[in-house]
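Sharing a structure here in structure tokens format.
Labels run A, B and C following the written order; every chain starts at residue 1.
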Amino acid sequence: MKSAFRSRAHPGFWAFIVHRVSGLLLALFLPLHFWLLSQALHGPAALDGILRWVDRPAFKLAEWGLVVLLAAHLAGGVRVLMLEFLPWRNWQKALLAVAAGCTIAAGAAFALNLV
Amino acid sequence: MDSSTAPPATSTAESAQAAAARHGGPAEPPAGTPPPRAFSAARFESQLWLAQRVSALVLALCVVVHLATIMLAVRGGLSADEILTRLRASPAWLAFYLVFVASVAVHAPLGLRAIVAEWLGWRGRFLNAGIFLAGTVLLALGLRALAGLFGGPG
Amino acid sequence: MTTLQVSVWRGDEAGALQTFEVPRWPSQTVLDVVTAIQRDMDPTLAYRFACRVGMCGSCAMTVNGVARWTCRTHVAKVARDNRLELKPLANLPVIRDLVTDMREFFAKWTRAQGRLTPTRTRADDFARIAPDAPARAAANAGIECIGCGVCYASCDVVGWRPDYLGPAALNRAWTLVNDARDGAQQERLRAVAGDAGCQSCHTHVSCTERCPKQISPTAGIAGLKRAVAKAAWKGTL
């Protein structure tokens, strides 16, 4: 008998889901990222061609998404490392709040630098 | 016959011990040297776990630098000239990105391994081989990108 | 008089919910509700309980989707619109109605070396352990487990990896890792390492969130991860 969805409705579980999904999407994006950068093998003009091609609103939104995913995975990962390696204390939810705050701040900073 | 209960009389370990005893040397390996043991899944998984955590710690530092670089670089738009000039100005950037690529080539495949095992139910030797392959490909792609950025025509 | 609409799981894994109307009374616990059904409506309802006061760990069930000890869960706290849904604990085979087969749960305690391996005989003096020693404090933090299975039923990793030892067994192992009298430390670390052991925990913290005794199995599992990593690093695992 599967456990009900409601039993998972607590912040630690959502933090896990964010961490896992962000990690998965970043891992899938990495080969593309590396391939795009390797266009520099064909000279700066080839890299510039790619950079110009992705310079449109849809891609800017996707880039913003990637930055948020990276920030979320970083903040969530630091949270896990702190829970695993530092002496235990009852600060799971405080760590989560800080991680969420850092992620939002990174997303806002990137958005402001884009415009 | 079970070799652990009745080892062959000519085993190398035994003759080495006998030789050591004849020369008055220590018959036992020095204290603190763990004896070689067969493959242990517990040890293998623990080493992978440690690799995942150590690479995570390295990546945490790298990603902070990466995010800060992104924020600064996107001001006024990206250009190949700007990127290549910055990177090729200092060998420190090359060292940084080599560490970054190597860590991510450890970290990402190990993360995928857990996801595949838990959400798709695939486990065992074939999964491990596939994950090792994924790590190798990721490392190769990353190094190729670095080759272009640092050694490509300029 | 108000009544409760109580949907109760009947049958084995392939069972279904059956609804009862149960009188509501002050300070009523979920276990009171189940007992009322069995005494007054359907004597064939199967469920477990013993102490009724939160000591024995036998009455845990899934109450409105969340694993809880029912003897100390007030209806007022969990009922929604006077409705209760009672199911057996998740991650365990269902025997009948609200009764699960706990054998695998306790077999995992054994597999995790969850027993003391003494190093002294009756001829020896008592072990003297300072109550405020850090290791003793770490053991004390997990020692009050009543084995109710709430953490085990709440753990997603148990659902994803059926051989995963789970929070309760690992919490028990951690109390013994911190027990100065125990003589099976290396064997225990080997038993709790690996992908059925502590490294599979992803720190969802569901066990810590749900434990009725306010134990943090996550804390003990993190301690095991550190101890196992140290042993793997030194080559003693």
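Just so we're on the same page, a contact is a pair of C-beta atoms (placed from the backbone, for glycine too) under 8 Å apart; a residue touches a chain by one contact, two chains touch by 3 or more.
In this text the structure is predicted, and so the values were computed from the model without any measurement.
Peer 1: Considering only which chains touch which, label the overall pattern as line, ring, star, complete or other.
Peer 2: If you draw each chain as a dot and join those that touch, every dot ends up joined to every other.
Peer 1: Give the chain pair, either A-C or A-B, that is connected by more C-beta contacts.
Peer 2: Looking at contacts between chains, A-B has the larger number.
Peer 1: Indicate the whole-number Å distance between the mean C-alpha point of chain A and the mean C-alpha point of chain C.
Peer 2: That pair's centroid distance is 34 Å.
Peer 1: Mind checking the centre-to-centre distance between chain A and chain B? Centres are C-alpha means, answer in whole Å.
Peer 2: 22
Peer 1: In chain C, which residues are in touch with two or more of the other chains?
Peer 2: As it turns out, chain C has residues touching two or more other chains at 202, 225.
Peer 1: Which residues does chain B have that touch at least 2 chains other than itself?
Peer 2: Counting only residues that touch two or more other chains, chain B contributes 53.
Peer 1: So which bits of chain A are touching at least two other chains?
Peer 2: Where chain A meets two or more other chains at a single residue, that happens at 20, 80, 84-85.
Peer 1: Which of the residues in chain B end up touching chain C in this complex?
Peer 2: The touching residues are 34, 40-47, 49-50, 53, 114, 117-119, 123.
Peer 1: Would you tell me which residues of chain A are touching chain B in their complex?
Peer 2: For this pair, the touching residues of chain A are 20, 23-24, 26-27, 30-31, 33-35, 37-45, 47-48, 51, 55, 63, 67, 70-71, 74, 77-78, 80-81, 84-85, 106, 109-110, 113-114.
Peer 1: Please give the residue numbers of chain B that touch chain A in the complex, ascending.
Peer 2: Within the complex, chain B touches chain A at residues 53, 56-57, 59-60, 63-64, 66-67, 70-72, 74-75, 77-81, 83-84, 104, 108-109, 111-112, 115, 137-138, 141-142, 144-145, 147-149, 152-154.
Peer 1: For a test of understanding, state which residues of chain C touch chain B in their complex under the given definition.
Peer 2: Against chain B, the touching part of chain C is residues 157, 160-161, 190-191, 193-195, 197, 199, 202, 225, 228-229, 231-233, 235-237.
Peer 1: Tell me, which parts of chain C touch chain A in their complex?
Peer 2: Going through chain C, the ones touching chain A are 13, 62, 64-67, 87-88, 90-92, 94, 153-154, 156, 159, 202-206, 208-210, 216, 218-219, 222-223, 225-226.
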